[in-house]
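The following pair of complexes shares a single chain, subunit A, combined with subunit B in the former and subunit C in the latter.
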Partner chain A sequence: MERIIFYILAAVIVTFSFLSVTSAKILRAAVYLFLVLIGIAGFYFMVGYHFLGAVQLTVYAGGIVVLIIFAILLTEQIDNRLARPKAGMVIASAMLALLGIGVSVYSILNHVFDKKIAGQLATVDDIGTKLLSFDAGGYVLPFELISILLLAAMIGAIVIAKRPIR
Partner chain B sequence: MELGKFLLMRQELLLTAIILVLLCAEIFLSREKKAMIIPISIGLFALQTALGFIPGDYGQLFGKMYQNTALTHFMKNVLNIGVLVVLFQSASWIKRDLIEQGRGSEFYLLIFSTLLGMYFMISAGDFLMFYLGLELSSLPIAALAAYDIYRKKSAEAGIKFILSAAMASGVSLYGISMIYGVTGSMFFDEIAQSFSYGALEILALLFFMAGLAFKMSLVPFHFWTPDVYEGAPTNVTAYLSVVSKGAAAFILAIILFTVMKSMAVVWKDAVYILAALTMTIGNLFAMRQKNMKRFLAFSSVAQAGFLLLGLMAAAQMGMAAILYFVLIYVFSNLGAFGVVQAISFVTGKENMDDYNGLYRTNPKLSLVMLLSLFSLAGIPPVAGFFGKFFLFVSAASEGYYWLVVIAVLNVIVSLYYYLLVVRAMFLRTSDNPIPYIKSDNLLRIGLAICVVGVLVVGLYSPLYQYIFELGGKF
Partner chain C sequence: MGLEAIIVFFIAGVIFVGGAMIASALLAPKSQNSQKEDPYECGIPTEGPTHVQFKVGYYLFAILFLVFDVEMVFLIPWAVVMKKVGGIAFVEALVFLVILGLGLLYAWKKKALEWE
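What follows is the complex of A and B.
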């Protein structure tokens, strides 16, 4: 049963990611991306990472895709279609992509991974404590660094977008 | 944890404090007094640079996520010097153009936050911190590259940079995820113990290296470089080509020499190919450039190729050679960019032909440019020669003679095109030369630091001795 669900989810993710990058209409590409992100959330639920699955659904599928769609609607690019690349370029990049997939799949399949039994599943309590703990295994430093990253990204975005004072 | 232990990350904390002070200053300074932000920023950052040279304790924090050694501390000092010079050189541009548009203090905020990202990247003890540092050091640069919003080329530079940076981060992250899959750890010291030779490990290593190769614009990851360098404001280009590239070189050397030690056979081959390609292709393209910024862009691609030679040596020697080379490169490249900035700021001219007869009208600027170009080319009395010399020696010490031969041939090619600029400035005459440019005092200080660096760093040998000792401490 689990195996069947896994393959269904995998098929969903692969199909829609392919459609998302090949679609010529930008709004459709965004919707396909939304479906990919939901599929990934499905994986998290399957392995029991409920918190991560919920975050994936709310933040990525819920927040970010909606933001992307808003951006598309606001910039009025919705009717524009992507120009079709030349056939030669399509073939060349498809071959390169297939080569990349081949190499990755070959080396991943030939690697013997250490099987680890997942320990106690993390509760929201544990996650909260670890996120703000500064001892070994705590994540407060990256947490704070991300806040500076977001601040800098926000300042950068405003600087480019705002109308200059005249 | 004791509060005193936080002093281990004193440079990071101080820089964060400076960022916050500038944020408050931006909010509370009235519109008429906005220009005050320039002396405040430069003053605070000069303090930061000076305090960096005070010795202190080194160690690890946050469960090994952050590590500060004498080596990483010195690397940050080198980056600080570079940023300080960029700040001196950019002051008049900010005063004239940006303050007017109400975008002056944001420039400093973005520069400082990218520098903070580089600090954390160099001091990272695990791949999570490394990745966050990498992002923080490249994301705001896209905004900086697009800072000149009235010029289409600048906007183009911003979008080109962010798209290729995102691609490179993605590839690098894929590699990191493979490393995690193989070893089950994100921490550098644990990975170093269990990382062993295998197909997936090689793939992971190459993907990971590709991301940093993009930041250092090594061939074949360099396609973004000329367009971004030409489109971005000159000061941002200087920052990108010196500080950003230097930081990426540092962390690449640290990770390859420590974490990936067991894979040296593999990455030495990869670095060999990258170095040969980067030097040769960078040089061949640099010869054809007519725009000074594009010319310096390709010359800096070639310089990064030379830098890779240091990775071929044993850890201590190679690390020292790279650190020493970057220190010299900071002075020589920023000197050249400073002159380009001074001229394009007043006249808007950026082409090599415009420099014809520059010596007759602007002898001082021409001399600074001459010294910087000689240093970039590696002509003996100036520092650049010693930087290249130690890199070549370190590659030769491990028996990579052919690579050294390729490098020496490339030095000869690079002499040709550096001398093209010298010929234009000193030997050619022009009916319409660039008029005498009176540069402001801050720019002069910036150029003076570069000249002193180019002249002194090579001849003052205790400095190399000091760097060589640091090279062993990581």
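What follows is the complex of A and C.
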């Protein structure tokens, strides 16, 4: 049963990733990317990481894609179909993609999967406790640092967007 | 929730959407004429590209939304364990929120929240 879901999700992700990089219309590519991200969220739900799945849906599928679409609409070239890349570019990107696949496959094959760890699922409760913990292995400092990072992102965006047009 | 339920959901979704599209393609009356190809049934045909460049304000709103989206992601685990961890959790979240609140204040001051 799990296998069927896995193959459905894998098919969705592979199909739409392929469409996303091959589509000549940039807005369509963004929508295909949206479906890829939803498929990845499906994987998270499948393996039981519900919190991560929810984050994937709200932040990536909900936030990042909206941001990408707005960024595309800001440009003037929505209507233009993207030119076909040169053969040299295609070969170079194919080589890089193959290299990426090689590294991933190599590390997956060499990774010793610990069945004990695989059985334990982190609940939202565990995440929260760790996030607020001062003890060794606690994440309270990163938790507070994230707010500064978000503040920097917010101020940066406002400074760039509010710059007077020359 | 069982995985069977998800598979049934997938199949039902495909049948529901696909069925509706096939049914409307089969049942709907079709007509083809030159008026139908017009952008609207009134006005003059458009000239040149019809897409306008969006204002940067949309982008600003999107990125502010994203910042508070991420904030929510971190506050949900906090809210779940808040009672268990006690007062210290409250202070930690307060620091988090005050720093982000400064960002909101900055946006407010810089009139980033106003629509021009």
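Quick note on the criterion: the second predicted complex is superposed on the first by the 135 of 166 C-alpha atoms of A that agree within 3 Å, B and C clash if a C-alpha of one lies under 4 Å from a C-alpha of the other, contacts with A are read in each partner's own complex, and residues count from 1 in each chain.
In this text, contacts are C-beta pairs under 8 Å (C-beta built on N, C-alpha and C of every residue); 3 or more make two chains touch, one makes a residue touch a chain.
Remember, predicted model here, so these are calculated numbers, not experimental data.
Using the contact criterion defined above for the overlaid structures, shared-chain residue A:G63 touches subunit C, although it does not reach subunit B.
Partner contacting the larger number of subunit A residues, of subunit B and subunit C: C. Of the two partner chains placed around the shared chain by superposition, subunit B and subunit C are both touched by A:I148.
Touch criterion met: A:V140 reaches subunit B and subunit C at once.
When the two complexes are overlaid on their common chain A, residue A:Y106 makes contact with subunit B while staying clear of subunit C. When the shared chain is aligned, subunit B and subunit C each come close enough to touch A:A157. Look at A:L132: by the touch rule set out above, it reaches subunit C but stays clear of subunit B. In the superposition on chain A, the residues of subunit A contacted by subunit B and by subunit C overlap at 134, 140, 146, 148, 151, 153, 155, 157-158.
Contact residues of subunit A toward subunit C in the complex are 1-2, 4-5, 8, 46, 51, 55, 58-59, 62-64, 66-67, 70-71, 73-76, 78-79, 124-125, 127-129, 131-132, 134, 140, 143-144, 146-148, 150-151, 153-155, 157-158, 161-162. Across the complex, subunit B is touched by residues 103-104, 106-108, 110-111, 113-114, 116, 134-142, 145-146, 148-149, 151-153, 155-160, 164-165 of subunit A.
Those residues of subunit B whose C-beta lies close enough to touch subunit A in the complex are 1, 16, 19, 61-66, 100-103, 106, 109-110, 113-114, 116-117, 120, 128-129, 132-133, 135-136, 139-140, 142-144, 146-147, 149, 158, 178, 181-182, 184, 198-200, 202-203.
Those residues of subunit C that touch subunit A in the shared complex are 3-4, 6-7, 10, 49, 51, 53-54, 56-60, 62-67, 69-74, 76-82, 84-85, 88-89, 92, 95-97, 99-100, 102-104, 106-107, 110-112.
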